[in-house]
Amino acid sequence: MKELADDLRAVEAALFAAAEPLGADDIAAHVGDGVDVAAALAELQGHYAGRGVNLVERGGRWHFQTAADLAHILRREREEPRRLSRAAIETLAIIAYHEPVSRAEIEAIRGVQISRGTLDVLMEAGWVRPAGRREAPGRPLTYATTQAFLQHFGLASRRDLPGLDDLKAAGLLDPIDAAMEQLELESGPEGD
Amino acid sequence: MDERDSLADPAFEDGAPVRAADRLTLDIDGWEGPLDLLLTLARSQKVDLARISILALVEQYLAFIADARKLKLEIAADYLVMAAWLAYLKSCLLLPKDPAVDPSPEELAMRLQLRLQRLAAMREAGARLLGRDRLGRDVFLRGDPEGLRVVRRSAWQAELYDLIAAYGAVRARSEPAVHVVARRPVMTLEEALLRVERMVGGRLEWARLESFLPETKDAEFRKSALASSFVAALELARKGRVELDQKSPFAPLFIRAA
Amino acid sequence: MKELADDLRAVEAALFAAAEPLGADDIAAHVGDGVDVAAALAELQGHYAGRGVNLVERGGRWHFQTAADLAHILRREREEPRRLSRAAIETLAIIAYHEPVSRAEIEAIRGVQISRGTLDVLMEAGWVRPAGRREAPGRPLTYATTQAFLQHFGLASRRDLPGLDDLKAAGLLDPIDAAMEQLELESGPEGD
């Protein structure tokens, strides 16, 4: 093996040793200011591509994790981390694709009330957090996803949400009123 | 998203079933609300939701609810509200167009279609999320990380002024406390006795107590002299040297030799 | 980067994800019997030689660990500005004005006992040092200020500390105590 630059080794060691994903700032604080952390991260990511362990970025933080295709050899207990109800899964998806989003908005999309427990489960899992109040009548509380959500679902950022661009392009993430206006512009009223 | 969606949408205009708090909702075969049921029925049309026949969908929904009623299933109110609204929509769609009606039935149908598309999109997105390589299920973090430690070191801070002020405070605090009471100008009882006795002498005419006081501009001293002279007069009266006379309480006090 | 053999990747992932060092048997149980675990371990060890993380064997069990020369980055010091307590600043002031001074003398001047921690804080800050024992009954340890003390407070020497007259003029002191003047006269050469 070729000798690695000391900077690279230091960043590698810090990431390996860390119990939590590290931001570039955290890494710099450990390895010293003179290190080009961003360059080291990019190079390390290359080193580990195709290996049994990969370096991944999740919401601006980096960590090593095992390669996804090796799941079968590592999943000894075969335990599903957390079985989510259908309501919880839909609610999580609505929050992720629309955030920040209020409870009433979630209910409008699902067409039913969400029970108190649904949001609690998502917050307890650490995937959803309150994200401030909307400056609108009633000042409703809004919800958004967390860093842990990105980590758990293997997303480098919210832009990586599956199908996000398609949904946006189809106008399916816009309010219905906006979508209606759009439709009226594109074509006259359609009667099916 | 917009708060108005749910409010403005005619499907939920009147009964506001979405908001009906604490109402017992009977899941019909596990559907989560009327929109969920509609979406399932729409799927059975096996066409793109964008091309779905709303009229056919309405027929299916109404038939479904009618069946459920025949079976005497208890149907949650929000399903019935949706059924009523759909029946209204159906009649509007079938009747000749009335341009005065706003929103038009076509627009209402389009809104319903959009809602179904949105719900379907989110349902699919949820499934795709859950199917990803998830941490702790498909991919794993290092099992036994050494951990990074942050050692907090205190950088103690203090200003020179704090130091000096603290020293001053210590010294001030540890000074032995000596209380010096300023001497007030007083006439002692002994002085008053001598003075009053001397001045009364052998005079047999009445004289006011105040006439026995020394000349002074010091109000404090005058008060003291008055008090002492009064006590002196009482003492001299007790010994039978003087006589006292006062017409009424707080009236002038007169003294003469006994 | 060259593609690693799947066997090697599997062994790498298993070792990475393990909560404790693994024996060759444990690894075989994960990755399957068809794998030459010993060969894979030897090759992996080569891969990681000279990196920030090494694969090491201890008593027949294998695990990853941070390269020995990088142990220092696992520990990061962070400075937190903290203000001295009132007891500490008074003690420091007494030492500065009276040094060398014993603990009992400090307490006598303060009129309050000082806790062990107070002197520790001042020594941790680097402003106070032990200054030998007094040739007196009980041979009490005495304390004095340090060069760092002078630097922190911007003093060229202890003689730059305002005298009692200055303090009095500044309204920081009640009438002068004779014992105090005495002490000020005694404060001879500084031994830093």
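The first chain written gets the first letter, and so on, giving A, B and C; residue counts start at 1 in each chain.
Everything that follows uses one rule, which is that contacts are C-beta pairs under 8 Å (C-beta built on N, C-alpha and C of every residue); 3 or more make two chains touch, one makes a residue touch a chain.
No experiment lies behind these values; they were computed from the predicted model shown.
With centres defined by CA atoms alone, the chain at the far end from chain C is B. Counting C-beta pairs in contact across A-B and across B-C gives the higher total for A-B.
Computed centre separation for the pair chain A/chain C is 39 angstrom, with centres defined by C-alpha atoms. Note on chain placement: the centre of chain A and the centre of chain B lie 35 Å apart, centres being C-alpha means. Put simply, the C-alpha centre of chain B and that of chain C have 42 angstrom between them. The residues of chain A that reach two or more other chains are 14, 16-17, 30, 64, 66-67, 74, listed in rising order.
The multi-chain contact residues of chain B, meaning those touching 2 or more other chains, are 140-142, 146-148.
Chain A meets chain C in the complex at residues 1, 3-4, 8-14, 16-17, 29-31, 46-47, 49-53, 64, 66-67, 70, 73-74, 76. By the touch criterion given at the top, residues 140-144, 146-160, 162-176 of chain B touch chain C in their complex. Residues of chain A touching chain B in their complex: 14, 16-19, 22, 26, 30, 63-68, 71, 74-75, 80-81, 84, 86-87, 89-90, 92-94, 96-98, 101-102, 104-105, 107-113, 134, 136-137, 140, 151-155, 161-163, 167, 170, 172-173, 175-180, 183, 189-192. Touching chain A in their complex are the following residues of chain B: 1-6, 8-9, 11-12, 18-21, 25, 32-36, 51-55, 78, 93, 104, 106-107, 109-111, 113-115, 117-119, 121-130, 132-142, 145-148.
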